[in-house]
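Order of writing sets the chain letters: A, B, C and D. Residues in each chain are counted from 1.
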Amino acid sequence: MIFTNIIAVLMVSAFIALLVGKRFARTLPYIAAIGVLISFALLAHFASNHHDLFHQAMPLVSVPWISSLGIEYATFIDSLSFILVALTLILALVCILVSVSEISQYQNFYYFNLLAALAGIVGVFAAADLFLFFFFWEVMLLPMTALIAIWGHENRRYAAIKFFIFTQVSSLLMLVAIIVMAFIYQQQFGDISFNYFDWQQLNIAMPLQYWLMLGFFVAFAVKLPSFPFHTWLPDAHTQAPTAGSVLLAGVLLKTGAYGLMRFVLPLFEQAATHFAPVAIALGVISIVYGAVMAFAQTDFKRLVAYSSISHMGFITLALFSFSPIAYHGAIVTLVAHGLSSAALFAMAGMLYQRLHTRDLKKMGGLFASAPRMGGMLLAFVAGAFGMPGLLNFVGEFMTLTGTFTHHPIATAFAATAMIGSAIYGMYLFQQSFQGKPQENVKIPDLRAHEWLLCSLLFGLLLYLGLFPQALLMHFDSIYPSVADAQLIGGKL
Amino acid sequence: MTALTLLPFFPLFSFLVLIVLSKRLSWHIATAVALTGIGLSFIASIVVIQSLNVSASSGEGLTQSLWTWFMLGEHEVRFAFYVDQLTAVMIAVVSGVGFLIHGFAAAYMRDDENYSRFMAYMNLFICAMLLLVLAENLVLLYLGWEGVGLCSFLLIGFWYKDPDNAIAARKAFIVTRIGDTLLALGLFYLFMETNTLNIQEILAQQQTSPLSDEAAWWIALLLLGGAVGKSAQLPLHTWLPDAMAGPTPVSALIHAATMVTAGVYLIARMQGVYLLAPEILNLVAWVGCLTLLIAGIAALAQEDIKRVLAYSTMSQIGYMMLGLGAGANVAAVTHLMTHAFFKALLFLGAGAIILAVHHQQNIFKMGGLLKRMPLISILFLIGIAALIAFPGTSGFVSKEAIIAELWQSKTAGPVFWWLAVVGAFITSVYSFRLVFITFFGPYRAEHELLPQRHGLIVLPLVILALLALGGGYIPTHLEQVFSAPVASQHGPAWLHTVAIIAPLLGIGVAYLLYFPKTESSPAVPGTSSVYRFSHNGLGFDSTYNALVVKPFVWLANINRKDVIDLLVQLISWNTFTWHSAMKAAQSGRLRWYAATLGLGTALLLLGVIL
Amino acid sequence: MIDIAITHVFLISALLFCVGFIGVLARRNTLFMLMSLEVMLNAVGLAFVGAGSLWQQADGQIMFILILTLAAAEVAIGLALLIRMQHQRHNVDVDGLSKLRG
Amino acid sequence: MIVEQFIAIAPQLLLSLAIVMQLLLIAFKRSQHSIAFFTVSAILLALFAHYPAMTNVNLAVTPLLYVDVFSLTINVLILSCSLVAVWVSYGYLRSAVECHDEYYVLLLLAVLGANILVLSNHFAAIFLGFELLSLSLVGMIGYLHLREHTLEAGFKYLILSATASSIMLLGMAFVYGATGDMSLAYQVPQQQDLQLLGQAGLVLIMVGFCFKLSLVPFHTWTPDVYQGAPMPVTLMLATVSKAAMFAIFVKFWLVSAIFNQDSMQFLLVCIAIASMLVGNLLALTQQNIKRLLAYSSIAHMGYLIIVLAIQSQQSVAWALKSGVFYILVYIIATLVIMIYLSGRSKAHAITDNDDWRGWQGLIWQRPLQGSCLILALLSLAGIPLTAGFIGKFYLFTVAIENQLWGAISALIIGSGIALYYYLSIIFCILAKPLETTSQTPIDKVGNFTVSHATVMGMLTVIIVALGLFPDILASQLIFQSEQVTIIFNEASQRF
């Protein structure tokens, strides 16, 4: 019930926020924060009671939903979903903190959307029924799109439409694949089923398996995003309000990676193996291309957006190398990128509030007036370019170590992103905070809630960067190895 | 081993205090905090070295494990320290010389508005550097490696308001980052082959089941890539002269005494792997050899006092590399140590001079300083003497030891020997060029001289001068670390003499060329094209700019709009074109509609009947 | 009764239908369009009667009567609209009715 | 026996009676209130008459009509829609100075035609229903003759619909000539030339249906007529006419077992694909909401007829269920939007208030109406949380079960294009309100009443409820559809 409860709590607080309305707008952040904190408490309580159960998938609820198609409302939990939900809730707090001073219009509807998006995301991580998964997958898009379209920047409608069409079209491909899978299950076992655990017994012939895998892969590659499907992301990130960017970069992209881990690899092992060279090539291209593109940008958020593409390339690379180390590295990268890119977008939001521009060319020398902010920005940039001691390094290092064994050349290319990320990272930091200060530009340094937010994120990055075992120990027994198919069944 | 555990964390703690309290601290308190942190480190390292000497005469090191960092499959990457004689030298140098430089910096940066931040960065640097040398495994070493890089970035760009400084900082960071990436690839390769990243385990494995030739070759090459980046050797050396944009104590600490020698440390540390790849070891020697010559030539044509010293640093590290490549390991590491002493002395001396002449760094605008600030000048001269390996100085001990062992080097011994001697000759030429132009002749500065007599300025210089003179005789027990001593077969007897004479000859040449003949003759920089070429570091910068930087920037900028996005827009454009076409068909004319109805019917009929 | 091959009946009705249809396409005068519609309906009627005679059933003829009714109703509405058109626009040119488009 | 038959077609008989009474009522007293009230009661009565009819299904009432659950379901849907249409028309026409009581007669005639069409089991009945529906609709389209586009729309609909029905009639004649049977369950003859004739006839009949369902390439009339017709009539066109046509198309297709013919199957899929693409493409930048709905209906009908492209008898039940669910959902969403539009328009205005750019910022001024519209649009776009998604999901299952990969691709591409215009409207509703002082704000236009909002809200609740718990309806439908299959099996085996 844990995830259902969390979703319920989030939705209830969303509706409360909506109903509270404009009259008590000041209470809205508190309502949202309380909702998130209650969810967090629920999760923590659950974790403290069950912490050794995470190594295996643990079904939670199963209620018939659309009986004619054997569709159930079914959820489950394992360490992967647990960690991603925890990450989601942490970033939810960040979202609320960055929204406090940014959002001045239609606040009630804003917090409604924010919380609804969170509920959808939690649902994605919780679903054990593929129809339910798809349902949440789409549901989280709606409030997200609304966030971009209503509270975004100047070009918000274009970005929102692009974002929505990209994800929707690709996810329809996935829907087709899901339905085909259900029919195949019906052929093989008699009953129609959308249940994830049932599907693990499926045995699909090869060319068909390949096509089905592609259906899933495209949906997740768009969300991730991987190289040729990435172009929605810079626009969406740039135009979204700060909390939207944080949520997009921090969690929404992770759902793509989650999908790859949860569905593509375990359900379509054979096809994934065949597809691996292509996927790895896409991953490497994303890494390099994202880094080069990031360097070329002059818009703060756009730069960070492209860097996300680069970092997510590591995930594709890691997952399709079928190396346990890289797989663990991918999990770490998920969390690390979630925290660090969220932090960078939060910084972008703070700068935008102070300067009313995201153009790096119009910034410079801000360190003089806001040293703490500069320090924090540098810290997060350092995280982004893989500074050891912060979590991103662990993820990157494990990923590359793992993939090197199988694909040394590809890894060598991917490793150039370490240079690339240093280039754009330093470019970002120096363009904004170093150099000659602009005339008469004095910006206030971090305010209390911003300080709280930055130190929360940095503290997590640092703590987990020094003690990543706190994260990794839950995954000791989890990894897909193609040679050892039994390992996967039921465990992932 | 509490001392060992705490050793790198003292400066970290003082860093935290300084960065958090920052401007709220007065100069005195900030200085006290900074110096305490590093001083405690120094004391701890003495304690560690003592216990090392007591406990491990057999060559075994001390290990101190703190916690498991992360797991690479079965292999546990620990947050753990390891100390042996090589590390001992390094920690002593880092904390000792570091302490002295901190003292100097306290005086040098006294009036800076961001003084606390500066000292914080310096402390952080020491912490990272200590982690680098103490690391028990290569991942932790990499942490330190990146940490020092980041601190170097911060300190070079400390005066961030000048865009040039920021660019220099970025350049330093990115160029070394290229090396770091190669190093990381080396680590991946090592892990693939040995399944561990623990240094001692790797080295021990080479005894039982050595790496294959190919693997050893690649690993050694990739690690060398890391080393040349950090140690500013060919071909990644171009960042170091620009890094002189940072405050002078930074140059002394990071870009002379400690960080730049990390590459030497790495190769010395991984000697066991290099021995399996003789070609690469030879390459190390060649890299060192070429660097020392090229840097020497470039140093001949510099006008900025710090750039001269920067090139000389590259050149001296070239000697260390050459020594490592040719098997003179002990001598090379000893040279690392002595170099730290005298180069720190030279930089701090230069710093004192720069302060005295109002932040003027052009040697052609100094002159005649020997009379005006004799104490500092003499201390500086001691440093120069050590640099050119004047007999009796520490530099003499270490450099001559390197050169002496070159002759027997297996591959190209005599060639190395000759080149090294030529390098020594060039060293003394440019050193005394510097000396003659700076300390002799008329005073050419625009402002009145400000003699520096602050205790924190003079005292470190004096101590460093003593070390520069006698540091070569400090016992190191390095032979315990380097297992394969070179055959003690000596070359011809004249070798020694030539090696000693070459620097002296250099002084003579420099005297002829650069000594101001009359008190009033104006010293001018050269104007010939050869001079300009040499002044610009033999064109490496411009070549890299044209070949790498410009194309990259061009490529990135030309694709700013993202070609893939254009494809997407093409799709949407296409859709809209179709839309317009169909919209045109929706003309509103009834007869046309009826016609489509007929056409459609005909089409369907055809479709079924055919 | 002269034995006419059923194919001929259908052919002639199809031809008649096409004539009517072309009339709809070619004439701009609304009145003629309505008349062409009548031609089409009559063609259909012919086909029904032919088919009915082929199968010796009355159904075809019944259909024809129904069609006649329809034709009358259609023309009634058509003429009503025609009058409105004449009233409003003072002509019955169908091409004038192309305001709704795009 | 005869009583049972009367009960089975009681709703239609009631409607016919009501039409006569309406005429009498008009003669007696010209009052819009009373005739509207009377019409509503008649329709309600017809609706209630379905209860006894439901108990006695699978009954042939003369060779012309055949009553089964599928037809009854659709008829209930049609009557409900017409109920809404009457109510909406009342509000719409109320403001006019004239007394528009004949309008209700035409409306009821159209409903009767649609009902007969759905029940029919014979070409003659189809013909009668078809023409009754079309001609009454022409009358209604041209009813408000003073408006700007009425004449044009009426004329276009008259000529094109008459042409299409002649084509269909010709097809019927051909089929009759080939088989000698005018019942839907005719048998294709063995002779070569007769077979060809039958085939040609079949295609021509299909043209008639496609025209009414506004499938490509017979779609051209749709936007013009939708735009030119008064808003409540557009509502009728989009709901009553579409539902009836869909029902008879399905019966025709299944009872005659046409899905067994590969060439027809191929044609159908081609038409479906073309409709999805063309409809959505045409709607792309459309700013008139009525035209936009017309174009999107082209696409939706394209989606819908996928359910006919089944490959075996086993799929029939599922396909029918999906089809009924989809059209129901489509109609509900369309109703929400059209009710809103009707409420915001007036009969005596020169045109309807149908530019969706006028909706800018609606959600901030009228949150309930705005969110209803948004949810309806989302449902049309097929986004989860709304019933439209479930409908589309069902269509996907049908298409996949029958391996119609081409249609699936078109469905995906079409949905992608459709998102563009649906989202544009939604974002317009969500945008900041215009700062206009000169024009009347949108929420002051028309006769929009609380009842409009209530009905919109109720329908929206249904949309969301079906989106979350489709089993409420779907579990009912599956039972009925299975019965329908049996009927059709029987029907096809009768000869």
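Assume contacts are C-beta pairs under 8 Å (C-beta built on N, C-alpha and C of every residue); 3 or more make two chains touch, one makes a residue touch a chain.
Chains and their UniProt names: A = NADH-quinone oxidoreductase subunit M; C = NADH-quinone oxidoreductase subunit K; D = NADH-quinone oxidoreductase subunit N.
The structure presented is a predicted model; accordingly, all values stated were derived computationally and were not measured.
A comparison of C-alpha centroids places A closest to the centre of the full protein.
Chain A and chain B have Cα centroids lying 38 Å from one another. Centre-to-centre separation between chain C and chain D, using Cα means, comes to 26 Å.
Averaged C-alpha coordinates give centres for chain B and chain C that are 95 Å from one another.
For the pair chain A and chain D, the distance between C-alpha centroids works out to 43 Å. Counting partner chains per residue, chain C has residues 21, 24, 94, 97-102 touching two or more of them. For chain A, no residue reaches two or more other chains under the stated contact definition.
Of all residues in chain B, those that touch two or more other chains are 583, 586, 588, 590, 594.
Those chain pairs judged to touch are A-B, A-D, B-C, B-D, C-D. If you check the complex, the residues on chain A that touch chain B are 162, 227-228, 230-231, 234, 292-293, 295-297, 324-325, 328, 365, 367-368, 371, 375, 378, 382, 386-389, 393-394, 397-398, 400-402, 404-405, 408, 411-412, 415-416, 418-419, 422-423, 426-427, 430, 433-437, 466-469, 472, 476.
Across the complex, chain C meets chain D through its residues 6-7, 9-10, 13-14, 17, 20-21, 24, 30, 33, 37, 40-41, 43-44, 47-48, 50-52, 54-55, 57, 59-60, 62-63, 66-67, 70, 73-74, 77-78, 80-81, 84-85, 88, 94, 97-102. Listed in rising order, the residues of chain B touching chain A in the complex are 19, 22, 67-73, 79, 114, 117, 139, 142-143, 146-147, 150, 153-154, 157, 160-163, 166, 169-170, 173-174, 177-178, 180-181, 184-185, 187-189, 191-192, 552, 555-557, 559-560, 562, 564-565, 568. For chain D in complex with chain C, the touching residues are 123-124, 127-128, 131, 135, 138-139, 142, 145, 148-149, 151-156, 158-159, 162-163, 165-166, 169-170, 172-174, 176-177, 180, 182, 193, 197, 223-224, 227-228, 286, 291.
Those residues of chain C that touch chain B in the shared complex are 21, 24-26, 28, 94-95, 97-102.
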